[in-house]
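Labels run A, B, C and D following the written order; every chain starts at residue 1.
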Amino acid sequence: MIIVMVPGAKEADIKRVLARLEQRGYGHHVSAGVERTIIGAIGANEREKQQVAEQLMGLPGVERVVPILKPYKLVSRDHHPEGTVVTIGTARFGAGKVGVIAGPCTIESEKQLREAALAVKNAGAVVLRGGAFKPRSSPYDFQGLREEGVELLGAIGQEVELPTITEVMEPRQIEVVLQHVDALQIGARNMSNFDLLREAGATGRTIMLKRGYAATVEEWLKAAEYVATSGNLNILLCERGIRSFDSITRFTLDLGGMAAAKLETHLPIIVDPSHATGTHKLVSPMALAAVAGGADGLMIEVHPHPDQARCDGPQSLTPKRFASLMDQVRSLVQVMGETM
Amino acid sequence: MIIVMVPGAKEADIKRVLARLEQRGYGHHVSAGVERTIIGAIGANEREKQQVAEQLMGLPGVERVVPILKPYKLVSRDHHPEGTVVTIGTARFGAGKVGVIAGPCTIESEKQLREAALAVKNAGAVVLRGGAFKPRSSPYDFQGLREEGVELLGAIGQEVELPTITEVMEPRQIEVVLQHVDALQIGARNMSNFDLLREAGATGRTIMLKRGYAATVEEWLKAAEYVATSGNLNILLCERGIRSFDSITRFTLDLGGMAAAKLETHLPIIVDPSHATGTHKLVSPMALAAVAGGADGLMIEVHPHPDQARCDGPQSLTPKRFASLMDQVRSLVQVMGETM
Amino acid sequence: MIIVMVPGAKEADIKRVLARLEQRGYGHHVSAGVERTIIGAIGANEREKQQVAEQLMGLPGVERVVPILKPYKLVSRDHHPEGTVVTIGTARFGAGKVGVIAGPCTIESEKQLREAALAVKNAGAVVLRGGAFKPRSSPYDFQGLREEGVELLGAIGQEVELPTITEVMEPRQIEVVLQHVDALQIGARNMSNFDLLREAGATGRTIMLKRGYAATVEEWLKAAEYVATSGNLNILLCERGIRSFDSITRFTLDLGGMAAAKLETHLPIIVDPSHATGTHKLVSPMALAAVAGGADGLMIEVHPHPDQARCDGPQSLTPKRFASLMDQVRSLVQVMGETM
Amino acid sequence: MIIVMVPGAKEADIKRVLARLEQRGYGHHVSAGVERTIIGAIGANEREKQQVAEQLMGLPGVERVVPILKPYKLVSRDHHPEGTVVTIGTARFGAGKVGVIAGPCTIESEKQLREAALAVKNAGAVVLRGGAFKPRSSPYDFQGLREEGVELLGAIGQEVELPTITEVMEPRQIEVVLQHVDALQIGARNMSNFDLLREAGATGRTIMLKRGYAATVEEWLKAAEYVATSGNLNILLCERGIRSFDSITRFTLDLGGMAAAKLETHLPIIVDPSHATGTHKLVSPMALAAVAGGADGLMIEVHPHPDQARCDGPQSLTPKRFASLMDQVRSLVQVMGETM
């Protein structure tokens, strides 16, 4: 890290910083500029880096501390330059493979889920999704079928021969979900639920980690590092829109952030245009934009009858619209030199 | 709610909307303007409102659906015009009572906690805080003393005769915490962890609910409504800064949002300038601004030796600075016609 | 518009609102719900709508005023459902025509501009751009060649047979620019410089109106309406990134906002991935994403020697990279069923 | 500045950076860490710093360039540690002097302005404000009385013996405004209108520079530096709210940013709670919060009859409310150890 002293910092202040660095096992070199003295510090174990930086900022005469190393390691391209392929059952994402996950926002009934599952399977989706535990921001909204939904998802997935994924909202749900479902989704609201990240990671199953809607790309990758430190690198990242000042779309889909993240990490990244835009009219253009921008896959909400959905109907595609989108995605993937 | 049709909506589209409203038990009246037809809908139970609105948005010819009722009830001033007083042990917040919660960001040792506790007690704080379970955004950072920290907090609180509060990050921590500590804090990262809200609420203890750093005031009050629906209105709201495009402060302290929230809810609201600003230099000005702006209390981080803190040292006040701030707060509270 | 009264509003408050509406020439109808009374108001000329709404909000008992009509008209798809084609010289944008504007961020010398112009012409760009008056956020940065740059742009444009565009920063620059250059760019910082919008519009030339980086789509379209009210509908909109909390990219490219804007307006919209991302590594992926997402064109910065550029070098493509991007864009446009 | 090389940067890449630094007249020293090589660069004139940094970022093997010096100088506390007092006529702001500027958002008529002026004078305001040229975001809104308004403002200011201020939106307005009015306001939308900043600065009159609602504090101070480089340090900064994701208030008043800016600059900073909050209910709490947080003054909109205002009525205080606020401000200023 680099420690920038205030203009005219006292000799004693500089010495105090150097002493602290030595005490913590850091090497250092001082360079005295015309206006400011700058101290470079080298060394230290990963575990204490942030702590030492904060403590240095508390010392007199220190203007700021600039970190040099990135706050993530296992998920970084610096340590693993090639793209990683992540699988959910037979489905593959990354390194030129583009996969589409689809299904209803919320599992409402066996009939609804079966209709949706058949439709997405026929159109070419490779994983079936469906919400069982729903994080609804109002206590008066429908909260999902919970355990019953998980069982339905597993059963219908087997029936239509698609691997499955669903969201877990807290560690106690992991066990029941994994009895029936192939992969775990960590939702945007839980991206910083660190106990959940660790416990989900420890199962060894593929984890789809959505970006928090107020998380920087760096924070997202740090959350992925939490999962990775449990020894599990089967991590599929998912961009789903961030919060901005404009509410014309439900969230602001950050495809530039997705592309920037791909420069930083070897993990595959998919995009969820349904939650990002909040309206079916924008799902197809943003799905195509995502693939053209380099996404390794998509997650799309499909409902047999959107106008009767118990949750997020306005953003769900009908089976017909989804099939048409998949045709366009296939053409696009080919032009991009990738495969589905 | 009000349904706005697109310009030139067909008669059949309008009839379809009316039929759907009737089917769901809503009364309606149609008003045909020059450009658009507008439909007012009255009735319906709270539980289905959001669902019906979403379904209507999916019907052809509907431009948008404007909700009229607020999405929270129990916490609303509409239903309870007077301000509520919320207590933690002997401490009181709201309706003219300004309380200060203080202590270290993280409990590091018995010695550190005792020093901090004595300092804040002597300076006039009415509740002792200290973090035991820490949500750290990097897996390589110090994660807190966990259960051991909770026990220390309870013991030192009794020793210095201050009620205590600490953060719980998931439902399984609630039980052990409540054996030792008086009140539960739900952190900004968990504001939308709805299982946690419900289970914490169900204990009947006072819940301090921090605003998520990407949460609107409306979403914050909806989260409070989650706690309230468990039958527990001992809710202390805490504004701690939101995310904006400027990182000159760690977060952007939203005192306007705090004041706007006070117009909406009868619950008391305190302000945490330590996490919002991230630097001790701005804690005192923002603490005073908060009180002058109508906050019902403050939460301030105090560490006996900030430059040796294991977490958030740069934003911690020394005992001396805290005592000086408390003198200023007392003068200000008096001018405001309130008491501490 | 719809006026929502507070719960339990007094009869006198409701009557005051109705009287005010009548006085301003609005028809109205009252609907009294269980909790709130709602008043629908119809009529009024465009010029006073906002004023009346604000005045109503100031009356006792009024909770909020919900506008129904959109705040723009001439640029709205409601009034002109088909997409408009906008031209700059021989170049066409919109309704299935995708055009690419390219050239250096800043005109530095005749040699640099000629090299860039030949390169972009050969690769298939249809308009030459180059900055003459530069809005630099630091007074110590290079401010552009100003008048001399404008003349160079006109001359080199003729030489390579490309129509030209450059930014004007204030009304006094319009005259000199239009002696040499075909179209006027209004930059993001000036999107709300309403005198400039009016005077630029009054020239009748094509205006490229960039979205302000803190402007909602609605505000952007209102700015376009300013230009349109001068009688000029030759308006090319340009999305160039908005400000968000994450600075991993220079701005957050809002392709969802672009697509949402296309639902609202008949004007063509192009995308500038150079300013949005700030780094050449992300320009190509975001250019492709924009076209796949429905953009009617692109604006790309190209510099013969980016590492010697006097401004924005890091985001400029080399001629070689630009030619390679144009090949990809052509394939993509074909798949999309559009033409260049 | 500090140049951070990518991990495993080639020797040739490092040499190329050093050569470029030498060519531009920078001294340098290289420090090779375990993972990365870091190069410190010292020297260079202010004018080329940004350009050199950008060019270095374009060289192969460079990960990022970290600036060390601040991008402003004349307005920085580093170069002028004491607070500056800025005057408008007899009014003083800064270094312990708290001044209040008040008046109507928009000048509508002689009668309205005189009523407002008498009211604010009697309540203790020290400068009279009133808008003549109005930047309205819709072309259908009232645009102000323009020249006629400026004359009225000058005349009524003399009548009630208050110095005056009004906004200029482009350079051509400066001359007529300064014939009648004492000080110039640069509005939030024009904070980056650099020609306007320079020409306004060159008049030598006091410039009130509002923070752009999407401007970082650093960008705001860079804009002030533009004014300062014209040789004019009579600059009064004004925080008026920034754009955030929550629209419960019109803008998000950034008092933390104001306090952070005061650490950086010696210029006085006032706060405009009227535009920030958009509703008179929040003006008083935020005015008090601003003063308690260290603001050097306030700007408050006052209208004799807010419910008949042609612009921004909902956020205007009545004369009675304003007088009551001024009483509270006076008590608060006294407690803070300052004077009015």
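Just so we're on the same page, a residue touches a chain if its C-beta (ideal position, glycine included) is under 8 Å from a C-beta of that chain, and two chains touch if they have at least 3 such contacts.
What you are looking at is a predicted structure, and each value in this text was computed from that prediction instead of being measured.
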*asked:* Counting C-beta pairs in contact, which chain pair has more, B-D or A-D?
replied: B-D
*Could you work out which pair in A-B, B-D or C-D copies the interface of A-C, where over half of the contact pairs coincide by residue number?*
B-D
*asked:* On a C-alpha centroid basis, what's the spacing between chain C and chain D, in Å?
replied: 26
*Approximately how many whole Å separate the CA-defined centres of chain A and chain D?*
38
*asked:* How many angstrom lie between the centres of chain B and chain D, each centre taken as the mean Cα position?
replied: 31
_Which positions in chain A are in touch with at least two other chains?_
214, 243-245, 247
*State the interface residues of chain B toward chain A in the complex, per the touch definition above.*
46-47, 49-51, 54-55, 57-59, 71-72, 135-143, 169-172, 189-190, 192-196, 198, 212-214, 219, 222-223, 225-226, 229, 243, 280, 306-314
*Spell out the residues on chain D that touch chain A in their complex, using ranges where they run on.*
2, 4, 6-7, 29, 31, 33-36, 38, 40, 42-43, 66, 68-69, 78, 243-245, 247
*Note which residues of chain A are touching chain C in the complex, please.*
214, 216-218, 241-249, 252-257, 259-261, 263, 276-277, 281-282, 285-286, 288-294, 331-332, 335
